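Below are two complexes that have subunit A in common, paired first with subunit B and then with subunit C.
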Partner chain A sequence: MITRRMLMAASAGVAMLGQTALTASAQEDTVKIGLILPMTGPFSSTGRQVEAGARTYMEMNGDTAAGKTVELIVRDDAGTADQTRRIAQELVVNEGVNVLAGFGLTPLALSVGPVLNQANIPAVIMAAATASITKESEYYTRTSFTLPQASVPVATWANENDINRVVTLVTDYGPGIDAETWFTKEFTENGGEIVEAVRVPLENPDFAPYLQRVRDSEPDAVFVFLPSGVGSLFMRQFTERGLNEAGIRLIATGDVTDDDLLNEMGEPAIGTITGHHYSAAHESPENEAFVESFEEANDGMRPNFMAIGGYDGMHLIYAALEETEGEVDGDALMEAIKGLSWTSPRGPVSIDPETRDIIQNIYMREVEEVDGELYNVEFETYEAVKDPAKAEDSAE
Partner chain B sequence: MLTILFDGIAYGMLLFIIAVGLAITLGLMNFINLAHGAFAMVGGYITVVLMNRHGVSFYWCLLIAFLAVGVIGAVLERTLYRRLYSAPHLDQVLFSVGLVFMSIAAAHYFMGGQQQLIQLPPELRGRIEIFGVGVGRYRIFITVFCAVLVVALQLALTRTRFGSQLRAAVDDGRVARGLGINVSVVFALTFALGSGLAGLGGAMGAEVLGLDPNFALKYIVYFLIVVTVGGTSSITGPFLAALLLGIADVAGKYYVPEIGAFIIYGVMVLVLVFRPHGLFAREASR
Partner chain C sequence: MSTMSENAGKVSAPVTESVAATQLRRLSAWRAFEIVLWVAAFAAIFLLPSHMLVLTEIAIVALFAISLDLILGYAGIVSLGHGAFFGLGAYAAGIFAKHIYAEPVTGLFVAAAASGIFGFATSFLVLRGSDLTRLMTTLGIALMLAEVANQMAWLTGGADGLSGVMVGPILGLFEFDLWGKTGYIYCLFVLFILTCLARRLVNAPFGLSLKAIKGNPVRAAMVGVPSRRRIVAIYTVAAVYAGIAGALLTHTTSFVSIDVLAFHRSADVLLVLVLGGVGYLYGGIIGAIVFTLLRDWLSVITPQYWMFWIGLVLVIIVVVGRENLGRWHTFLPNSLQERLARVVNWRLGMKLRGEQ
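And now, the complex of A and B:
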């Protein structure tokens, strides 16, 4: 006898079968990218910029690569590493993503290492900038930059431009210490002198004592690395304390003169010398097109160095898919990623086949007023800079 | 050396302006309002919006921030806080922390997560030399402003009728009511004053401390330290505590930058070991 319950169970079973078949066929034509970013919390501006950069790429280049539809799944980790790890696992297991991307901060990027190794899934780091991350797993690659990469050219430039005595002032955490170490190494090797090395705690309400210390040691310049939001506060206090009048120059990595905040920093920022991989004022047709469509899609927000990481990260994934002709296996993708090169809005870039880290130009820029707005105007280029931290490792 | 001392004083004054509102609600009304930082943040955002989008002068912004946040405080007091006066402290803490998180989310939604910056009027920018000591003009402004505020508050609490009504209402609400004091109005006004001062502090602090949605949580430790070290029974207690902590913090960061970030906590621990109720606790009052 066939009961009602049996009928229901049978029909439910059929429905389920149908659904699995559907998802399976959908999966064959789609490539899913899990974008994990801090969209809330103190680092949300990073998340906002990276996501906007990635979306701009898809806007400009369509959502298909090698005949497959690219689907972007954005998740918020609020800037805490355990969340990043959990979300990465969920995305891999439940959503079946083929590539992970994003990662606003170093610890967030590091936390997913074991997931990548187990699931053979590539991770494209679009923001985090501590040099050592890519050593933790064979599946990491990077389209942002590393702090040694940006700091060493600043040191070279300082040596070449009559700056002999420098105080370094960095935030006391991974990237800050990277910046301090590599700047100091390069600068002292070429005859420069580090008068003092100051480290500022991450949660620091007032720069007054540190700035006074810099002023009292009378250096030619102060080399600064601070995360971007804090950087703008620092800049204001730097001028307020009259350090520029005392003849102390401010040299920094580009985080301090973040394009996103530069206009609001106003006059005190003018004349700051920074070294970085991207400026919204970079002169090239690729960059003009990028800035235009980015600003159009985001209510006039200016793209900063985080946005370009998101944009190029998407390009890297598209290009790797073309190379593998749509094959989404993690190892195949990583093979394809190694050695890729392209012309980004920031200039020519490539992925180092040995370290999977980005090789790019580092530009020296000065903050100037252009058409009533402040921009980082590039005036000197150090071409194809590799991450020096890893170059040293392979030499050893 | 003198510059460091002055910077320390100015920093202490800034801590005081933001924390004094908390000293009033916590000390005088015996209510643990952890959402104090949220009121300060609102004051900061009001200033940023008025100055950057509507071109209002900085000084007017300070006044508006004080009044607007005071009104917001009064409304919240009437609708929410009032219910919790007699509740256990744990309930008060949970409630006000909830408010903090709501305020963070709201600030995010309306203003975005980025750092907000204001342009001070030209006469407050830069620094001048006084007797060979270079001092920032804005820091002088903070110091003078704060000194006036302390005197005014102290006089208001000890010399005016409202001050004595308030103290009576806090010490014994029932008797005060019996004497014809409208306790609930007194509390509402005091709470509004405390919130308004927080708003003012947020507005003045935006330039030095920065302003983003996490302001409410980021600096709460500092407000609490000031109030704990100063004791909660007067205005002068937190004031001297703020000065002490400000100078210790700035000097510590200048002379021994390696451990600079911990000095403020070290001072707090030391003070509390010797005077568990704060520097200037009322003897055996509670």
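And now, the complex of A and C:
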């Protein structure tokens, strides 16, 4: 522990020296934001949505905050952690960025931790959703969501709605296990029973054999987490195996009925109950303006929960700059970020001053057809949900 | 590159031992282009202070490609799973630094040992079968290792990656800085030392016997080359090299993600090596420089579509360069080619009698 602390002190010293050089080199009246996203590779849809969300914010609110010009520098890391880390470091030392943002996947966000600590640069996580990330550095904050945050309300809702026996089906990696753990914990504490826990490999999305297992154990419902993208295949196989005819309900986190892909899923998706923080069908003037502006700028593409992370991430940076009156020092910005609250297109949100994670409403939604298109229509709200994983940590 | 055949023609009838020794020494002498390359690499520390990070990446990829060249270029073993050793080295270095001792040079030895042992163990699988089965075996080993790392989340962090790796100062003296200068110097020294060792190895009788095995295993066996033992040895050495490259990545990024074991690592390194040319060690370095700079440059210009452009550029390079960059000179007029060859192949301290 001593060595660790000494190292931190040493690196802070180095960083301070660096900081003076950096601020000197950066232009006085510009704030540079380095947006690092997977723009190519299997997770490129995340990158596209987040970037479009961030750009929509700048489109709607101008490119100045607290009298300074905000400049967005977008870089692709192709979903590879060492690239994220190198790009982050290069943006800090060569471009003199003041804030880093983006991060499509958990390991990508985690890889920049040491850079943040060394350079005193805040990082706004706009997509990655594993709960533990923000514990790795004081400079992380988040505008997406965490999986425990979305899973627990789904469990509560299931308990309240006569669902007693559930099979969980999740993709076998970090976020999937997060979802399974927290759903199970909440659901069984309130008297529910988990009949079976099925994990599907990330690489091989053929759900047929797993769905057969689900059907054979005759639960009231199946709780599902899948990374966005494989949802449509899942929906088709769910219907083909006749699970809905067998009276098995489908409850899930909102990744499964991703707004961006929902229309392609078609009829089988109708009636799916999901819990999530954002739906393009959320009824508020803020959301209407956001969706309209987003679709206009992106050739009709519908914003999903990734886009809102990008949009709110930019808002967070703008608001923090207003608060510090244009001061771009990393520690000052982080202080300003803590406790900020605003009305987002997703509803009221705030940043937990203790964990720097987002506090937001989780909505229960049902897939319905509205004007010939499928939407996640919200019907129940769990207000101001904190990330339960970290709430538990602080209680210990 | 083709020094073997070149020299063979010049040897007069009775091949005495001393002539053979001279030949070997001549083969291993430093050439002009090597000296220029290393001087440039060390000069970059002072001349390109804002490009330390990309240079670091080049050094790591180059070392990894050299390691593949040792088995592909010299022993003729095709591998689609060389990333396994890279990833193992990265994890070994990461876990060692996190839990046991944070000093990186010690970590390099640990990573080298881990990959070396694994390379030795799996080399026996490579002995069996032809090229195609080797492709499948190596690929299979890499996939298995990736899944093991994914499942052993308590040790490796699983899909989330291994975070919280605090890498200490090198030899207790040099702290890694944000500009990446220390990291580059560190990687460059390791690359230089290991390239020197590899040069000695491949230019020694050991390396020549490997080339004989590559050329024709049956004939090599008939002149008394123990081909199985040689292949096991070089495969183990290559695994050690790849493990060290992986460890360098861990030390310079203080993070290990599961994709160090991903298939694209093995594929990329093969691409880099083929681009630079196999069988002369520097192919890996040249390929790494070209590939990394090209990717970096294109992905800054067009973050979304750079893959298309890099694909196009690679196809053009290969078509124009006839298989590899090392042979682009075949497009020059003959007289120019000869003059160029003389300059490039000039050797240090080798003014032997009878040579022009």
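Note that in this section the second predicted complex is superposed on the first by the 369 of 396 C-alpha atoms of A that agree within 3 Å, B and C clash if a C-alpha of one lies under 4 Å from a C-alpha of the other, contacts with A are read in each partner's own complex, and residues count from 1 in each chain.
Going forward, contacts are C-beta pairs under 8 Å (C-beta built on N, C-alpha and C of every residue); 3 or more make two chains touch, one makes a residue touch a chain.
Just so you know, these numbers come straight off a predicted model, no measurement behind them.
Asks: Quick one: subunit B and subunit C on subunit A, clash or fit?
Replies: Result for subunit B and subunit C: fit.
Asks: Determine, under the contact definition given at the top, whether A:A81 touches first (subunit B), second (subunit C), both, or neither.
Replies: Touch partner of A:A81: subunit C, not subunit B.
Asks: Per the contact definition in the header, classify A:R213: touching subunit B only (first), subunit C only (second), both, or neither.
Replies: Only subunit B; A:R213 stays clear of subunit C.
Asks: So, A:E264: does it touch subunit B (first), subunit C (second), both, or neither?
Replies: Only subunit B is touched by A:E264; subunit C is not.
Asks: Tell me which partner A:W342 touches in the superposition: subunit B (first), subunit C (second), both or neither.
Replies: The answer is neither, since A:W342 touches no partner chain.
Asks: Which partner, once the models are overlaid, touches more of subunit A's residues, subunit C or subunit B?
Replies: For subunit A, the partner with the higher number of touched residues is C.
Asks: One more residue to check, A:R199. First (subunit B), second (subunit C), both or neither?
Replies: first
Asks: Mind working out whether A:T40 is in touch with subunit B, subunit C, both or neither, as first, second, both or neither?
Replies: Both: A:T40 reaches subunit B and subunit C.
Asks: Which partner chains sit in contact with A:V230 here, subunit B, subunit C, both or neither? Use first/second/both/neither.
Replies: In the superposition, A:V230 touches subunit B alone.
Asks: In whole Å, how close do subunit B and subunit C get at the C-alpha level once superposed?
Replies: 5
Asks: Common interface residues of subunit A with subunit B and subunit C?
Replies: Residues common to the subunit A contacts of subunit C and of subunit B are 40, 44, 48, listed in rising order.
Asks: Flag every residue of subunit A that touches subunit C in the complex, lowest number first.
Replies: 3-4, 7, 10-11, 14-15, 18, 37, 39-40, 44, 48, 74-76, 78-82, 85-86, 89-90, 92-94, 106-108, 110-111, 113-115, 118-119, 130, 132, 136, 173-174, 202
Asks: Note which residues of subunit C are touching subunit A in the complex, please.
Replies: My answer: residues 50, 53-54, 56-57, 102, 150, 158-161, 163-164, 166, 168, 175, 177-180, 249, 253-255, 257-260, 299-300, 303-304, 306-307.
Asks: Under the definition above, what is the set of subunit A residues touching subunit B in their complex?
Replies: Residues in contact with subunit B: 40-45, 48, 198-199, 201, 203-206, 208-210, 212-213, 228-230, 232-233, 236-237, 239-242, 260-261, 264-266.
Asks: Would you tell me which residues of subunit B are touching subunit A in their complex?
Replies: It comes out as residues 3-4, 7, 10-11, 52, 105, 108, 112-117, 119, 125-127, 134, 136, 138, 207-210, 212-214, 218-219, 222, 249-254, 257-258, 260-261.
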